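Given below, in the form of structure tokens, are the structures.
What follows is subunit A paired twice: with subunit B in the first complex and subunit C in the second.
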Partner chain A sequence: MKLYIQNFSTYRSDRDEVNIKATLKKEYHLETRRQSEFIHLAVYGGQLLKDKISIDPSDALYMTSANGDIDVVQRSNTYVNKEKQAIKLFDFINLLGNTSSYYVAKSLGIHGKNIFQISNHFTYIHTLISLYSSLYHSQTNAILCAVDLAPNPEEIAQRVLGIEENTSLVSSVNYQKFSLQSKDAMAVLEFDTRSYTLEEMKTILASNRAKVHGSIRCKALLDNDETSFFETMPSAVLNEAMKQSNDIIYIDCYDEKYKILKLKNLR
Partner chain B sequence: MPKVTILNYELYSALGHTKETIAAIKSGKTGSTFKEVQSLTSYVKTPYFAFAQAIPQVPESIEALLLDMVSKLIVSLSTEERASTVLIIGTSIVDWHLVDAINDTLYEDEKKPYSSQKRSIDSYAQNLAKYFGLNDFTMTINTACTSSANAVLEASNLISSGLYAHAIVLGLELFSPIMSSGFYAMDLIAKEKIRPFDRQRDGLVLGEALGGMVLSKRASPWMLEGGFSNCDSETITSVSQSGEECLFVMNEALKASLLQPNEITAVKAHATGSYSNDIAEMNALSNLFSDSLTFTALKPYIGHTIGASGVTEMVLLMQAIDDGFIPKTLNCEEAIFEAYQPLSSHQPCQGGTFMCNYFGFGGNNTSLIIRKEIR
Partner chain C sequence: MNAYINNYELLCNAGNTQELMQAVYAKESAIVVDTTYLKDATAGLGKMSYDTIFTAMKEVTQKVLKSSNLENFHNTLLILGSSVGGMQECEEIFYAQSSFKNIDANRYSMNALSDYLLETFKFCNARALSTACTSSANALVLAKRLIDVEAYDNILVMGVDGLCYSTVLGFYSLSVLSNKQCTPFDANRNGMNVAEAVAALLIQNEKQSTSVELKGVGASSDAYHMTNPDPTASGAIASMKNAIEDADLSIEDIDYINAHGTATIANDKVESLALETLFSNKTYISSTKAITGHTLGAAGAVEAIVSCEVIKQSLVPPQTGLETLDNTHINVPLVPIEMRVKNVLSNSFAFGGNNTSLVFGV
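What follows is the complex of A and B.
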């Protein structure tokens, strides 16, 4: 499968110092009331993409995340299960996964398909597969938003991400606009549906010339000195490679199964 | 869109398993009971469609429920076919793994050790895929009331594009104190019962359910003709009362299925019983179809099962038609539009083409069209 990347946007809290809520209000003149920090982060990334490329109202939007908005689940749990109070109205609305994708779509002027989905493993890659099959039929373009907000306290997410206790979490949002057409594309992303064994991966990597990046779960294949983490990191790594005009391979691993993404710059 | 078939389907609702649910509907029963929900100051009793046997809200119980469902569905797939079968869940439930982690972090004196296993709402799908030897592609869709309807559409895309051969799609909703408290806070819960399309309607009644279906390209009497999904609404909680957003989605679903409105045998309406949702859908239906339209609402039997409603209501409709009828709409005494009356008695039906509508929070609107050949 091939998806052409028309453009991208990226934000990482460990690299960029931005007051996101204030920026949304002052620079983009967007309403931020009644929205959670998770929504602000997702909307902010969308605006960064919109600064670079035109968005068509019929574009599809796919949004994915490791666990969605953990802070709002935490607040709701406290109100209802611990303090025996009613849930706050806008916490309830923000609790639904597609609320964040609604606000992103609204801020981008999109009325097309809008899917909020989570895959426990290969979170980003499975969303790509789903997005590809949708474009195969609709022949429109699609925007993929990969977003993770480090909750407060971080320990909540650390407990469910299967990472080591000393791994620090990063808030990040990364977008790409995809098309099945190569016209005006800045890069092409190749991937497939199959998983590979460790031995198969070794063979693939032995004959590969591009730089290899991978998740911290690929310890059997890669020395990864990354001490920070967010689940949708593949999306950020691809964006960084496009920024540097590098061709790369990205590998992810779960349960001794490997998947592979190949990025080739076209500009 | 190339056609995808529905090989097998199952339902577990407040009325019981698939056959029990249909038998109860035939005899005029509904599954409504009551649940206590946290209001601003106290607990209040609200109507609710609960499972006959309560499911403890811990991951192990939810996994057991899902395992039982997939065991029934998977008989239609050979061992070889399982490797090319994906599993997709549509739900709006809060991730209980997350609540456990929150409690361990904030409230427990003796914390559980960290797990090296990643967990998320999709862990259920992943564990099931591993247990049954399915393909490792799983995902869980959360688009409120359209969650499992969108899961059906996504599964259909994955099959018809040739990426995978089969898909198991589950729609799951369980009683959630948080969700129920939220709906109550929005003043959306009916005082006694759900009255779809009735002038006296006063809200929805939530319910828990688990529905499942197997999609494939193999021959089957039931076929998914097509569908359409988008995100467009006046506000985050509702479409405009003119129903223009609903009309657009229904029209696009017909286009995707290469059908005209007069080729639709009957419509399964979303029909939540809320004031604004029903008027919007009614306006859209009356714009698209003539007043001879056959349409019905299934929520009075099993409740509004939110993220599960996509699959559960479709399964309920398919099983009823396999049993020779379209269920009547309960509790509609005076319809919003006099010329558009939902079914007032069970209508004999052996097959045809059916539109299934889902319009939800967060602007997500989905319309699916299914067909059963009349032989």
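What follows is the complex of A and C.
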């Protein structure tokens, strides 16, 4: 499977100091009321992409996240079950996955398909496969939003993601605009549906010349001193590689199965 | 590559597939009026009999596996659509303890359900989609597309949602819950019934003698309002047209439409307008949510099974609960219609104007 990347945008809370809500209001003149921090983050990333490239109303929108908006789950449960209050209307609405994709679609003027896909492993790669199969048929372009909000406290998300307590969670949103056509593309991304064993990975990496990046779950193959984490990190790593015009391989691991992304810059 | 629905099973308030279809044709609503969830009010709900949502999923999945041509699911992808995932269990623990401390985080997130099935049945892979009430309809869209590109040969699509306080209270706060059995398309309808279900469909690239083909899929986004559909019905019209075109069919080829038909004022008004615009007064239309209630993220899969059964039984379902048709320009039958049903269109619409339509046929 091969997808061409037309452009990208990146935000990471550990690298960029931005008051997102204020920026959405002041710079982009967008309504922010009744929306959660998770939605603000997703919409903000979309605006960064829109600053760089035109977005067609028929583009499909895919959103993906490791665990969505945990804060609103905690808040609504606290209201209902602990404080014995009625659920707040906009907490209920923001609880739903496609609320975020609605706000992103609206802010980008997209009327094509919009999908919110979530999985706690291979989150980004799984969504790429879905997006590819959709584009293969429609021959349109697609926007992929990979978003993770660091919840407060971090404990629940750390347990969900299976990461150590000394690894800090980062809020991040990363967009890419994908096409099946190479025209005006910045890079090409290759991937497939199969998983590899550790031994197969060793063989693949032995003959590889591109720089290898991997998640903190790939300790059997890579030295990784990363102390921060978000599940959709491969999206950010690819964006950083495009920024630096580097060709890279990204590997991820779950339950002793490995998956690979290969990025080649075209500019 | 074509996508064929070769096996399926469900569990809902009316029972299994066979029991549900009997209720649909007999116009026997399985909605109960309940006082558990709301303090000073009643709500019509679709409640099923089960131990936990996890065991219910396991039982339904086992039945589909047993009836299939597969020995196991090791070469099968699982795509699960759900609006609230494992929220039900999370609420139960929180309600008992007023704390998140003892909640197993791996059993309440959106993908908790698919992760459980992945582990239990050793699927080759799994993913979860959450687009509220279109979740499992979009899982079927994705399954067809993945079979199109030959990424997988076998895909199990599941729609799962269990009743929980968050959804019942949430829809109550939106003032769209009916306090009785819902009456889709009726002029005096007063809202929807929140319900629960587990539904599973095995989609394969090989045709069998009993296959129903997933012929076409269509999706669109209103991007109009967070909870209300675009009043011009442009999104609903677009998703239906896209699905029919994808199936390489024309409007006249559709014999029956299983409507989204939630019985809310807004949905039924806009969906009726969309159906009137595309189909005028010709094609039979009904909503089986009058029997099942609105099973939210499971609805697309539940109604896909109903659509397959309508084709196999050559019997169009009547509209349960209808007394006075609100939009008289659509064709809603009051009794079962015996006829050759070649193609069925099924609609699922969700918050944010997330619209999905599916065409099933033989």
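A few notes on this one:
Basically, the second predicted complex is superposed on the first by the 267 of 267 C-alpha atoms of A that agree within 3 Å, B and C clash if a C-alpha of one lies under 4 Å from a C-alpha of the other, contacts with A are read in each partner's own complex, and residues count from 1 in each chain.
The working rule: a contact is a pair of C-beta atoms (placed from the backbone, for glycine too) under 8 Å apart; a residue touches a chain by one contact, two chains touch by 3 or more.
A quick note: this is a predicted structure, and the numbers were derived from the prediction, not measured.
Placing subunit B and subunit C on a common subunit A by superposition gives a clash between them. Contacts of A:Leu221 after superposition on the shared chain: neither subunit B nor subunit C is touched.
In the superposed pair of complexes, A:Ile118 makes contact with subunit B and with subunit C alike.
In the overlay built on the shared chain, the residue A:Asn77 is in contact with subunit B and with subunit C. If you count the residues of subunit A touched by subunit B and by subunit C, you find the higher number for B.
Touch criterion met: A:Glu165 reaches subunit B, while subunit C stays clear of it. Of the two partner chains placed by the overlay, only subunit C lies in contact with A:Gly109; subunit B stays clear of it. Once the two complexes are laid over each other on the shared chain, residue contacts for A:Ala210 go to neither subunit B nor subunit C. In the superposition on chain A, the residues of subunit A contacted by subunit B and by subunit C overlap at 1, 61, 67-68, 70, 73-74, 76-77, 80-82, 86-89, 92-93, 95-99, 101-103, 105-106, 110-120, 122, 126, 129-130, 132-134, 136-137, 156-157, 159-160, 193, 195. Residues 1, 61, 66-68, 70, 73-74, 76-82, 84-89, 91-93, 95-99, 101-103, 105-106, 110-122, 126-127, 129-130, 132-134, 136-137, 153, 155-162, 164-165, 193, 195, 231, 254-255, 257 of subunit A are the ones that touch subunit B when the two sit in their complex.
Listed in rising order, the residues of subunit B touching subunit A in the complex are 1, 38-40, 92, 94-95, 97-99, 101-107, 114-123, 125-126, 130, 135-144, 150, 154, 157-158, 160-161, 163-164, 177-179, 181-186, 229-233, 236-237, 360-364.
By the touch criterion stated above, subunit C contacts subunit A in their complex at residues 83-84, 87, 90-91, 94-95, 98, 100, 103, 105-106, 108-111, 114-115, 125-132, 134-135, 138, 141-142, 145-146, 148-149, 151-152, 165-166, 169-171, 173-174, 219-223, 226-227, 235, 238, 246, 350-354.
By the touch criterion stated above, subunit A contacts subunit C in their complex at residues 1, 61, 67-68, 70, 73-74, 76-77, 80-82, 86-89, 92-93, 95-99, 101-103, 105-106, 109-120, 122, 126, 129-130, 132-134, 136-137, 156-157, 159-160, 193, 195.
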